[in-house]
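Below is one structure, written out as structure tokens; the observations come after it.
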Amino acid sequence: MALVSPPTLFIEPIVRQALLEDLGRAGDITTDAIASPDCAVRTVMAARQEGVVAGLDLAALAFRLIDPAIRFKPVIPDGATVARGAAIAAIEGPARGILSAERVALNFISRLSGIASATAKLSAAVAHTHARIVCTRKTTPLLRSIEKYAVRAGGGANHRFGLDDAALIKDNHVAIAGGVKEAIRRVRAHVGHLVKIEVEVDTLVELEEALAAGGDAVLRDNMSLDELRKGVAMIGGRAISEASGRVTLETAPAIAETGVDLISVGWLTHSAPILDIGLDYDRR
Amino acid sequence: MALVSPPTLFIEPIVRQALLEDLGRAGDITTDAIASPDCAVRTVMAARQEGVVAGLDLAALAFRLIDPAIRFKPVIPDGATVARGAAIAAIEGPARGILSAERVALNFISRLSGIASATAKLSAAVAHTHARIVCTRKTTPLLRSIEKYAVRAGGGANHRFGLDDAALIKDNHVAIAGGVKEAIRRVRAHVGHLVKIEVEVDTLVELEEALAAGGDAVLRDNMSLDELRKGVAMIGGRAISEASGRVTLETAPAIAETGVDLISVGWLTHSAPILDIGLDYDRR
Amino acid sequence: MALVSPPTLFIEPIVRQALLEDLGRAGDITTDAIASPDCAVRTVMAARQEGVVAGLDLAALAFRLIDPAIRFKPVIPDGATVARGAAIAAIEGPARGILSAERVALNFISRLSGIASATAKLSAAVAHTHARIVCTRKTTPLLRSIEKYAVRAGGGANHRFGLDDAALIKDNHVAIAGGVKEAIRRVRAHVGHLVKIEVEVDTLVELEEALAAGGDAVLRDNMSLDELRKGVAMIGGRAISEASGRVTLETAPAIAETGVDLISVGWLTHSAPILDIGLDYDRR
Amino acid sequence: MALVSPPTLFIEPIVRQALLEDLGRAGDITTDAIASPDCAVRTVMAARQEGVVAGLDLAALAFRLIDPAIRFKPVIPDGATVARGAAIAAIEGPARGILSAERVALNFISRLSGIASATAKLSAAVAHTHARIVCTRKTTPLLRSIEKYAVRAGGGANHRFGLDDAALIKDNHVAIAGGVKEAIRRVRAHVGHLVKIEVEVDTLVELEEALAAGGDAVLRDNMSLDELRKGVAMIGGRAISEASGRVTLETAPAIAETGVDLISVGWLTHSAPILDIGLDYDRR
Amino acid sequence: MALVSPPTLFIEPIVRQALLEDLGRAGDITTDAIASPDCAVRTVMAARQEGVVAGLDLAALAFRLIDPAIRFKPVIPDGATVARGAAIAAIEGPARGILSAERVALNFISRLSGIASATAKLSAAVAHTHARIVCTRKTTPLLRSIEKYAVRAGGGANHRFGLDDAALIKDNHVAIAGGVKEAIRRVRAHVGHLVKIEVEVDTLVELEEALAAGGDAVLRDNMSLDELRKGVAMIGGRAISEASGRVTLETAPAIAETGVDLISVGWLTHSAPILDIGLDYDRR
Amino acid sequence: MALVSPPTLFIEPIVRQALLEDLGRAGDITTDAIASPDCAVRTVMAARQEGVVAGLDLAALAFRLIDPAIRFKPVIPDGATVARGAAIAAIEGPARGILSAERVALNFISRLSGIASATAKLSAAVAHTHARIVCTRKTTPLLRSIEKYAVRAGGGANHRFGLDDAALIKDNHVAIAGGVKEAIRRVRAHVGHLVKIEVEVDTLVELEEALAAGGDAVLRDNMSLDELRKGVAMIGGRAISEASGRVTLETAPAIAETGVDLISVGWLTHSAPILDIGLDYDRR
């Protein structure tokens, strides 16, 4: 599967806004006072711990938007694993710009690499099965597109990007509609032909109802391993099966071994710690 | 210390953008298909784990921007501790709007409450000293103001908000200037009279140099407890002392006991897990 | 199928920008000069020709954003058919605001009603079949969401909203991939589980290849009626069938009678004439 | 008369927003999956029907904003007539960018060329007179500037661009002011010396009143040919005369022959069909 | 002549941006620390010197956007003369909001009132003639619309609002065209029928050329009083005459007495000092 | 003290918006009509009066954003004194772009240079003392950052940039808190360790109270020279002293001679006249 970076059109407004957030009204007063315009530095962006890198384009853009004279040379691509201490990119040029953009660049790449690294670990834990790790809509406000990209960089797959690109019938929708079947009927009548419908089911009875009504996928939240296994058997390829709830590095293998197609994990995007990445200045 | 929520002027553009990010181009197709305009629900926003709440105004605004007819009644204020299972707010009104805004509202409040809760725990761990927990500029891009607010809600204090509201002379600045004293001199000459100057020092020699040059505060990164103690003694009230690096719930008490004024912690804003908060629908 | 208006969050920025575009830098200099602040008028928005109405919320918002004191009372809802000369809404209040917002309000509602009316006519022409009329991505730049809404108001259905919410493999994609099968394989490996894949096929051979590879839908552009019939038979319910190309009120019935599920029509959104709607002032 | 394209400052925000509208949150998932980064194509933008071209700069910008490596070479300039099947521009470079920007580029150029083509036809129909075709404020919301440019590209002239750059006293203004003379007096007293005043008159009596009061131009809506002729004679060069209402290719010549200076046509910008333009891929 | 305030649609984005500029990322930290949420104050906005008021709506909006609970009651309208020490508006409500918005509100109203006051003085100086004072395009960037409004509030009139709403042929345009006549010809052929053409002339020869070519207005920069008189006689009502250059309270009467229609003054908008306006707190 | 221009990230949105404000919807209709695309000119931006230049980057950007082919070569840097008639920059290239951007470029540089020039004069008037001239928050809405930069260019220093980067306790804050000491206590408890606290005092009693409570700076508004002298003695280096009120070129030396550290002057940013700067076209 090809990993394609988000287009510059997407990320430029975000990186620009992040820089302005940091520069405030007076700019980098410390650096402006200390570094002369002709002071140049050579730096290396390096990982302080092992992990999977994501966000090189955003980091590069942070430096470029501050000063186009800064040269940013990636050593490895997004999606690659970096060893502790290894270089991610070489950044050279005017000291002022590099010092001023450093924090914003690191804030982006360390956050996205944290998500990619967590995804990669979870994916490795289920690699002996056909299950795939997917993210949710529990993302950081304003950063959904790039966080979903980070999940892909870590080898995971994306669930829907928002409320509009697929239908997900949850328990409260079922309650309002008065049943799984009626909920699916209403959605089917409302949405276009290219919209898939997933249903969150609590019981095997609801599961059968969802399958009978032609749901494209079923999500089963917090089911026991035994129920999951029975559910997978009941589905028998008629729909995509997704499990969620209490997924950790420890529990993931057993969940995957039940035969589910997808394991969705909210904490990849809302609680994964960053990957520690820093900038080393060459002071020779 | 009064906890003052960010003004609506600040948070409205952020909440609005987060809602649009989730609604995409076609809106909440599932809910639109299932819930009729006159279907009303009563829900309770409740904590799934104990913690400190922050972000009620953002959650309320998410519902209000979707549909002004939704009533959002906080049960406790920001900054209060909520027990596991306890109510945070009651939300009632049109089902459509509540279902459509739920995820965005929860994404904000669970993230900010996660930061507040982590800050509160760290603050409690050093409560027997005069040290205060402070955050850094390692914040989520585009969300700095509200994340710094969450730190205050958790009982912590804020470091500078950006590159412009205080000077922080780091090791690379010192290297470029050719010494701590010259770095301070350049900054002093450049900035206004209401700007404080903090210096990051690596050694006690540099510390003395910073004090002699009149630095307002000194930051000491990754020093040993023994060095910290010596540093505090050397400062003798001439400047504010700040320690950082490897701060955890376990290490914080000992760091605080060295007598430092401030302990700054990056992971509060870049890696604190969310506080698990959900919406319970009353289906009577 | 419920017709749900786009949320105010969506349309407010568009209506606001349209008003500013018309007001320029000096505002409505004619009306400001002539009408005193306390001059009030009663007006009726009426159709000058029969058609289906869409865009009442946008028209209402145009008046409300200019002056909240203006009262806008719809007589019929979006999606309803209005007779020539019949009233659509009553608008009363300060003359200044009504005169200043009139053109923008009419520009929105007449354009969207034009799309809805054209869709309704085409839908009526195929009502004896199970085929549905769908729109394309050939929409007016910046207005896609509301134009797709107008298609729904006219009884049509929506194709994908953009490049990202469904995959549509076109002839050039097939050429680059080296065949239909390989193209589908690449897309399947790249996209999430909730993304449907449609394939544009030129021949029945390609159609069979698309079906064998598991395409969710097939689009057939500019095929003869005979080929369409054969294609529908070959599909046999394995995928959704869509026809496009040279669709007019005259040709649509025969195309629909071939048994295709969908008929997609670009001109609904790029070339449908407006529905003539005007504002009548009551000068008693 | 020189045809000057709108400056990039104008059109870049519009083209950028149109691309983001199409790319959504996940980008062009089909193309990203299928085309490798080094896959290059050669394409020709060609007219599928004869017409006048307008919007080359917008189309070029759509490709450039997606990928600066794409080369866009116009074959003919805006305002030129293109034969059916003839080339408009050659576009070469990375397949990904070209495939992703194609629809947005075509949406702009086909819409603007449609307006230019309709304007050119109408202009040709009155070319034996001194009358000129002008557009109105019945434009597509958010696209007024570029649609007015398209009218110029087709050989037409522009009426006012908004409510602020000229005064147009309509029937309802006259009714509120209590007469044509008083309406003109109020406007004259209110506006600057560089603002022209046009009056919409229903009768020859009102026309005389407008002329006596010093109106710069008079608009006569839906008058008979005979009334138009009488009006032109009555004006006798004292003001610019404009006719509007029920203007078609068939009726325009006779209207023009009455001697009016201008014929204003709303449908040029609200209902002109697009000019069919496509992209041909060279698959050698 | 009616004075009509700019619509809220215009000024809200400006006032909002000005407040955010002042609040920065952390808000009004002084007031937040000191004033409790239930602390209320009564204040009076009063003039510290005599002048003409303009900008009440902007000031009111500054308070309202900070806190809708603040009551802003104007004592006099825009355009009225206020005596030294006299009240302009009463502002009551929550202390927090009033203290936080005070500076932004005053920055707007004192600047606009400064422009209005200067305009009023100049207008009074030429009141014995038919000449009117007009402003130029030498306005504060981003504030042109409201500064031109302030000129109207002071009794002056507006020149064109930008490069697009009227043609002004300057000396360099004449040089490029090769003469006044050719310059007017080119512009006449390029612009719409509602666009007036003004020509800046240096000599009486050029003046005659401009009149012969049908210029609607002529601007004469830095001419002697004698030349102005001769020019006015030469024009004889065929065009509007405008003088500019070195206009002060002292020179204006003599310039006006030459018979020119308009006197344009750049410093009204680029160099007029503010009107000193303050907020008095009632501490009973 | 190094003078560092605001980063392009800051000023580009401002310059872009100013250009759009001037170009309106139809652009520079005069220049578009007269100058052919290949017409080139050579111009010199020159001072019409002696002063200190500020804003070269903004002027350069205005030309560059209109047409990247325009070459802008500064002759002197920001902060330098220019003699009457001397060149500031040479600008060469396409006539169209230069004519269209001229006014916006001059509006920026003449305004900022006016502020810089006024600051330089005041600074010179107190050069025999250690007092420095500082600006206030009485800036032009939306232009604060660049106006504060202009003050630095003129040799002055900046007070706080907004309500959030330093605390300034004013008389009304003191009144609400119930005294200077309590006001300082509340602020100290609320703000971070890098925030300085300044107190506005009316009397020497309050001054002593502020010093005792540890205020970092004290502002004394409209005090007599005698009181200022006593205050400076009382402070004795314990805090920074600032004087304000009725500061003119005439009064400044005496105020400075009282020994105060800072003299803050509102009119530098709200009422300084522009520096007259123009563009001379070389017509050889």
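As written, the chains take the letters A, B, C, D, E and F, and residue 1 is the first residue of each chain.
In this section, contacts are C-beta pairs under 8 Å (C-beta built on N, C-alpha and C of every residue); 3 or more make two chains touch, one makes a residue touch a chain.
Treat the numbers as computed from the prediction; the structure is a model and nothing was measured.
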item	value
Chains touching both subunit E and subunit F, listed by label	A, B, C, D
Length of the shortest touching-chain route, subunit A through to subunit D	1
Which of B-C and B-F has more C-beta contact pairs	B-F
Subunit D on subunit E, rotation in degrees - Cα superposition, rounded to nearest 5	180
For subunit C paired with subunit D, centre-to-centre distance based on mean C-alpha positions, whole Å	22
Between subunit A and subunit C, centroid-to-centroid distance (C-alpha), Å	33
Between subunit A and subunit E, centroid-to-centroid distance (C-alpha), Å	52
Where subunit B touches two or more other chains, by residue	2, 21, 23-27, 32-33, 100, 144, 158, 161-162, 164-165, 186, 189-190, 195
Graph class of chain-chain contacts, one of line, ring, star, complete, other	complete
Contact set on subunit C toward subunit D in their complex	14-15, 17-18, 21-35, 39, 41, 95, 99-100, 103-104, 106-108, 110-111, 114, 137-144, 161-165, 167-170, 172-173, 175-177, 183, 186-187, 189-191, 195, 267, 270-271, 273-274, 281, 283
Touching residues (chain side subunit A, partner subunit D) in the complex	2, 4, 6-7, 9-10, 144-145, 148, 158, 161-162, 165
Touch list for subunit C against partner subunit F, complex	21, 24-25
Subunit E-facing residues of subunit D, complex	1-2, 134, 157-161, 164-166, 186, 189-196, 198, 216-217, 240, 242, 261-262
Contact footprint of subunit A on subunit D as seen in their complex	16, 19-20, 23-27, 32-33, 36, 65-66, 100
